[in-house]
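Have a look at the structure below before the remarks.
Letters A, B and C mark the chains as written, and numbering starts fresh at 1 in each.
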Amino acid sequence: MSAPQSHTASAPPRWNRLRMIETPALRYGLLILGVAYIVWSVGVLDINWHRISTGIPRAGNMFSRMVPPDFSRWSLLVKGVLESVQMALAASFFGMLLAIPLGLCGAGNLVPRPVYLVARIIIILSRTFHEIIIAIFFVKIFGFGPLAGVLTLIVASTSFISKMIAEDIENMTPGQLEAIRATGASFPKLLIYCISPNTLPRFLGVSIYRLDANIRHSTVVGIVGAGGIGQVLAATFSRYDYDFSLAILIAIVSLVFLGEFFSSWVRGYLR
Amino acid sequence: MLTIKDLNKVYPTGTRALNHVSFTVDQPQIIAIIGPSGAGKSTLIRCINRLVKPTSGRVLLDDIDITSLNRRQLRRARRRMGMIFQEYNLVDRLTVMENLLSGRLGYVSFWRAWRRKFPPEDVKAAFKLLERVGLEGYQDTRADALSGGQRQRVGIGRALMQAPDLLLVDEPTASLDPKTSRQIMRLLVELVQERGTPALVNIHDVALAQSFSDRIIGLRGGEIVFDGQSSGVTEDVLTAIYGEEDWSLTVRKGDDDSPAEKKADKKNGLIREAATG
Amino acid sequence: MTVAEHAAKYPEIWRRFSPRMTLIRYAWYLGIVAVAVWSISNLDLPWFYFLDAHTQALDLAERMWPPDLEFWQTLANPLLETIHIATLGTIFTFVIAFPIAFLAARNTTFNSATWFIGRLILVTSRSVNTVVWGLFFVAIFGPGPLAGIWAIAFRSIGFMGKLVAEAIEEIDEGVSEAIEATGASRLQVLVYGILPQVLPVIYGTAVYRWDINIRESTVLGFVGAGGIGILLYSSINQFQWREVSLILLSVFGVVLVSEFVSALVRQRIS
């Protein structure tokens, strides 16, 4: 390797910094596209400074009404929180139970292809739609109240956990399955002796994580009437009880915070 | 004991892995199967316990035709064949004892397996095997905490827990260092002699195959090109199996404990043997 | 070896868990079942409904098919609006989450107080669901997509901020140390040392969140924050099941496309 030998009066050697997108045309093209998009969409949505500027003082007004938070109706608050916690626990438990068969069927290396396809389709469909949409359906069928919420969260939990299980099983080293099959073990014994030891730790970890996520989601399905603290919150907003709203929001944030704390503690303990 | 009749395997991609393979095993012996990669060694071993389904042909274990069994009967038949793998294939998160006992899964009920309450004779046999393979005291160690050689011993123990009529061994030493390889092969030889169980062993190391086996089957392109005593593997045989190569250093029937210094002498002795033989 | 020694050497019983550990495990199982039972104790389970559920579901499915294709004309604009809300909201977040992430990362923040504030902002943003933010902003800005954009943005800050902060904390300290050793200013260390390592994560997270935001935007309409949600709500309430199925199908299609695009871009980035 020899150094460049140019002694002519030329500019010093240039270097270009490494960028994420190599071709300048693509890079600038995307940038221009991005700016153009923003301009167009803002226009389409009819967003103008007027609305934003009238919003700010309204926000200020709202804040002043929110503070200080009103905890006087704490029994209602506690009832709502308890209901949300119950919903989250129930959904996590039954979600775990249902996720086991669904996850097993969703593993391509374990079950025949048609079973695998059906399971995967079920998983995809339940994950596509936001839980609020599912909640609305359940509210329509079962009426207002926490039952609809629990069912919604069960659907959300099951699809999430079963997807993880299916992926875990597919990522297993195939040799272990072969070896246990070679001893003459039947399918159920294969499950508990080979699949379960490999997937159990992550299954538990994911389920605990889901418990924490369910607490967050349980606060929201209430907005469409599916029970929990969300229902209480929605009511306060519609009645302009902003000081109570703030109290509820503080409760929600603390609950979620506690939930995350609990979940990471348990997961650390499991390891 | 084992009869393979006209075994053929063609994969869906069109690759012909086995082509009219036939041979018989009728005494307790170690049979080494050698051949280049892709010769069909792995496929052959797996067709015997039907982990791979043969396209045509028959596998007879003591007059039971493995190829025609239904799933339940197949599971019963598999209990009689112990398999040992190149990558050990232990269940990593379970302890050594659980891995050993998994050899009995074909014999115990689901509930016993779940609650890990195996019959006392099985537990006793497991402890005995643990000692026999040199892992005394390791029963509660997790399998992923062991070295490669130790894991392979557990794998051997697991296969023997089945009290099998036949051992199928797929490249047991490919992932092990030379010294451990010889230890494992020695263990296999001793166990075969003690229990009178024949063993089919895939090996890619010809020298190892010759040192430790009584009979050698050479596969090439899915066909048997040699089936005879290991002493009969000459340079010509190796050429037929693997192709043109300088085989002078490989063809030997050395004592496994001979030190490296004697290798040169042995080489000279062998070359003289081959020239006259 | 005597019989006793033989029995001791080759025991007939082996347990994976000691009796004490087995007891603890069973106690856990019992506890979990007890909690599960408590959690559904307050629900009135209408058992007769459950038994009937499959016929009801079939009945509903029948009423939803075939989807009402004429409804597409009403549907197209709100659908587009949904996509805009998600995209603009994500772009908005991109700008804000970035500096907050730096505050929330132990190795780039100024002092403990700023770190705590950074973390607090992120946790608050994450704890409050997008739809709740939607309620909040509808109260401020009135109904419409503007509220939706702010809602998406405020929720995404927590998500992106957390992942980027974690990435910042995981960078190779050696690189920024080396640059600092040359006498560079704090800002230069940021740009030359930290940024190149973190940029892929920032883009990747943004695209990931955009994909999630599309899903979230579909329901913001329920609280009046724009998008297709409001159409869905009204169709369901009016029992117009064939319109509903068209809406659901179009949502499915959009989500599928966005997931595909997101996976593609993230693959290219890494």
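Worth pointing out:
As a working rule, a contact is a pair of C-beta atoms (placed from the backbone, for glycine too) under 8 Å apart; a residue touches a chain by one contact, two chains touch by 3 or more.
Bear in mind the structure is a predicted one, so any value in this text is a computation, not a measurement.
Steps from chain B to chain C, taking the shortest chain of touch contacts, total 1.
Seen from the C-alpha centroid of chain C, the farthest chain centroid is that of B.
Across A-C and A-B, the chain pair carrying more C-beta contacts is A-C.
Inter-chain spacing, taken between the CA centroids of chain B and chain C, is 50 Å. We define each chain's centre as the mean of its Cα atoms; on that basis chain A and chain C are separated by 3 Å.
Once the centre of each chain is set as its mean CA position, chain A and chain B turn out to be 49 Å apart. Shown for chain B are the residues in touch with two or more other chains, namely 98.
Listing the residues of chain C that touch chain A in their complex gives 32, 35-36, 38-46, 49, 56, 80-81, 84-85, 87-88, 91, 123-124, 126-129, 131-132, 135-136, 139-142, 144-146, 149, 196, 199-200, 203, 215-216, 218-219, 222-223, 226, 229, 232-233, 236, 248, 251-252, 255-256, 269.
Contacts from chain A toward chain C in the complex involve residues 18, 20, 34, 37-38, 41-42, 44-45, 47, 51-52, 55, 58-59, 62, 83, 85-87, 89-90, 93-94, 125, 128-130, 132-133, 136-137, 140-142, 145-147, 150, 216-217, 219-220, 223-224, 230, 233-234, 237, 242, 249, 252-253, 256-257. Chain contact summary for the complex, chain A toward chain B: residues 173, 175-176, 178-186, 188-189, 192-194, 197-198, 201.
Against chain B, the residues of chain C that register as touching in their complex are 9-16. On chain B, the positions that touch chain A within their shared complex are 49, 51, 75-79, 81-83, 85, 87-94, 98, 102-107, 110, 113-114, 155, 158, 162, 168.
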